[in-house]
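Two complexes, one shared chain (chain A), two partners (chain B, chain C).
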Partner chain A sequence: MNLDWNVIWTYRGALLEGAGMTVLLTVLTMLMALPGGILLALMRLSNYRVLRGISLAFVELFRNLPLILIIYWAFYVMPMALHVQMSAFTTALVALVLNISAYNAETFRAGINSIRKGQMEAALAIGMSRRQAMFKVVIPQAARRILPVFASTWVSLFKDTSLVSVIAVSELAYTSMQIRAQTFRVLEMLTAMAVIYWMMGYPQAKLVDWIHRKYGVKE
Partner chain B sequence: MEFDFSPIVDNWRFLANGLGITLALSAVAAVTSILFGLVITLFRLYGPRWLRPFLVFYIDTMRSIPVLVVLVWIYFAFPLLAGVTFPPFWAALVGLTLHIAAYAAEVIRAGIESVRPGQTRAGLALGMSRAQILRKIILPQATIRMLPAFGSVLTIAIKDTAIATVIAVPEIMHQTEIVAGQSYRPIEVFTVAMIAYFLILFPVTRGVDRLYHRLAHLGRS
Partner chain C sequence: MNANIDATQAVATPTFTRKGADSPPVLVYENVRKTYGDFVALSGVSLQVNKGEVMCLIGPSGSGKSTLLRCTNALETLNGGRVLLDGVPLPTRESDVRKVRQRMGMVFQGFELFPHKSALDNVAMGPITVLGMPEAAARDRARALLDKVGLSTKADNFPANLSGGQQQRVAIARALAMEPEVMLFDEPTSALDPETVGEVLNVMKKLAQEGMTMIVVTHEMSFAKRVANWVVVFENGAILEEGPPSQIFDNPKVTRTRDFLSHLGWDG
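And now, the complex of A and B:
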């Protein structure tokens, strides 16, 4: 078997662009899923039954579906059902945001619920308003507990962006597989793809471990 | 807009086969992942010291690359290297096991390490061997604590089998794509697939939650 690793250097520009697209998708998705998750969590904790119901249904639906199916569904069904035309990139973003918002909502809800009720009551007792108690007492403590889980979600998201290659968004996985198809350098390209993902993902995974060690809740 | 569900009715056997393969693949992958994860963890905690960095490196590597990449590499690239070809189902099983086992290993390690070291010392003081302590004291307690997390491994396995569609494993995701493409009825076909996946996954995640609440107090020591 003759291997030609030069193909990776030849296509370095395309691969770099693909990696850039992967990072862009991860960052954009998180930027939108963060407020999305907060909104869903607040809806879930609100006093209105309808809002709670909507949030619960949304979160349970998108947490209990494989992401790849959501991507296909967003690609084939959403444009027809809603009569909108979207680029593959936008479609991918919508699917990822729906999925990650659901996870974030659960993270935020669990974080806020993990702060004992007594603290909210104590804050109210010393004359703080509900808003003050929430923002000055509950949320600062919840944030520390949320951070490790949030970091794990980030790494999952980074890896899950590879799934949007099925609708031809030219991120790293799609780009690598396109080059493989053009050059027939299967082993070289697929190995390069794995190594580039590793180079980007490994430091993130280690950082997540560090955050867990530093901020993780010890029982 | 008119809906036409006849493609699903006409192809129900084809789709049902896919569903069967999804269930079989995810169940087998969950079991092999947990077993492989257990082997990794036992070697990591009790094996020779020089092996540890390699196992940690393996776990962290699998945590940092997407499962799609692992599946595609095993199916398309590995045969070129080794000179053997796998059918898609077996490639998917190997790829999913390699990937999910890393998560299972972390779960199992957390479970074993959650049993206080004092219990090991107490066992040693009573004259038990290391193997006896592991088998009679640590694993029974750790297993109860790990059960809910094993349930999560199963949900991960079910969701990840859907990704095996990229290497043409004839599971439900792949069959859905085929039926949707042939019938030009993507709305109906994908929506039915969505309902099918939800009906499988929702009871499992709910079951995991209930198991967790049921068992949480048993695991305390």
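And now, the complex of A and C:
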């Protein structure tokens, strides 16, 4: 078998840019899906039936569709349905944020519900408003408790960004596939891709383990 | 059965003057009803609490004592009747309810300290968040209160590093930080190890001696007998008997009060 590993070095710039795009997508998605998840969780826990209904519908829709379908949908259907034109990058971001917000909402909701009812009552009893009790007492405790779950979502998201390659966003997976198409170096490029994803993913996974140990529930 | 309870609702002996009887009552409960589905937690309870009085609510579990306490600061909503604080019915609008809650401190069976805050910050949090007090002033107040409950050396400890009795004393300081007119205690020693019960009861006794108006739901009969000015016995969501401790513990007018006390092994 005739292998040519030099192809990786030749295309190092493109691969690096692809890896950078993968990180950028992950970070931007989480930056938006974090407040999105909190908002959806608070809507779900509110006293207003309409807000609860909207949140429930959103979460159950986007949590139970394959991410790749949401990406295709955002790419093909959304522009027609909503009459908006977006770049592939923005489209990818929308799809990822919809999906991850739904996951985060469930994580936050579980976290908030896991805090004893007595904590809310103790806060109310000293005269706090519900909002103060939520943001000063319940959410800070819930955030600690869900940190491990949240970190796992982060690592999944990091890998799942590869799915947006189907709409030609030039992140790591797409870039690797493009180089493969140009050079016909399938094995080398797939290996390079695996190595790069692994080298970036492994420290994150270790970080998650560490967070689990440090902040995991110890009650 | 209701008629029976009404008929046997005994009052104090005529010669007894109740503490604080010379000024208008702080709290008045008028025919308070509370139901959870089919379960009647309070079946029309009427009661008054005088200024400076220590009132102990006793009775079997599930008899409605804690529910009445929770109706007092609107943690529960009523299904009938009303509660008046200084002659004014409890409000229903949230912003008004908050004002009322600031005037009443509450201590819970399970302490419910905020685990992500130090003892000092637990106490200072109410004044800072609710009263908008500057942080330094709030911390000074918190320090003084921790000193008062005997925990000045534990200010920086987090709740997880305090014993049950210490946590409950911090919880009392936290409630006092809002400078309440009334303190509500919901079985404050029921979750404690026996050896730490005393330190909490001592703090409560000190508060009582300072003239704090207190409502205490408790199973500590010796505390009720020694510290309470007025004791109310609950059964099945209604008042079985009320009176000064000397009446309830030494000479109950209602047979079932005697039965309840003897079940606890109370022999005076």
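Definition applied: the second predicted complex is superposed on the first by the 217 of 219 C-alpha atoms of A that agree within 3 Å, B and C clash if a C-alpha of one lies under 4 Å from a C-alpha of the other, contacts with A are read in each partner's own complex, and residues count from 1 in each chain.
The rule is simple: a contact is a pair of C-beta atoms (placed from the backbone, for glycine too) under 8 Å apart; a residue touches a chain by one contact, two chains touch by 3 or more.
Keep in mind that this is a model prediction, so the values were computed, not measured.
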| item | value |
| --- | --- |
| Clash or fit, chain B versus chain C on superposed chain A | fit |
| Residue contacts with chain A in the superposition, chain B compared against chain C | B |
| Partner chain in contact with A:Lys214 - chain B first, chain C second, else both or neither | neither |
| Which superposed partner A:Leu163 touches (first chain B, second chain C, both, neither) | first |
| Chain B versus chain C as contact partner of A:Arg12, first or second or both or neither | neither |
| Touching partner for A:Leu65 - first (chain B), second (chain C), both, neither | first |
| Which of chain B and chain C A:Lys206 touches, first, second, both or neither | first |
| Touching partner for A:Gly127 - first (chain B), second (chain C), both, neither | second |
| Which superposed partner A:Trp198 touches (first chain B, second chain C, both, neither) | first |
| Chain B versus chain C as contact partner of A:Val137, first or second or both or neither | second |
| Inter-centroid angle chain B-chain A-chain C after superposition on A [Cα, multiple of 10°] | 100 |
| Touching partner for A:Ala173 - first (chain B), second (chain C), both, neither | first |
| Shortest CA-CA distance between chain B and chain C [superposed frame, angstrom] | 24 |
| On chain A, the residue positions that both chain B and chain C contact, one per complex | none |
| Chain A to chain C touching residues, read off their complex | 116, 118-119, 121-130, 132, 136-137, 140-141, 144 |
| Residue ranges of chain A touching chain B (in the complex, touch as defined) | 1, 60-61, 63-69, 72-73, 76-77, 80-81, 155, 159-160, 162-163, 165-166, 173, 177, 180, 186-187, 190-191, 193-194, 197-198, 200-202, 204-206 |
| Chain C to chain A touching residues, read off their complex | 73, 75, 94-95, 98-99, 101-102, 104-106, 108, 110, 112-116, 125-126, 129-130, 171, 174-175, 177-178 |
| Chain A partner contacts - residues on chain B that touch it in the complex | 1, 60-61, 63-70, 72-73, 76-77, 80-81, 158-160, 162-163, 165-166, 173, 176-177, 180, 186-187, 190-191, 193-194, 197-198, 201-202, 205 |
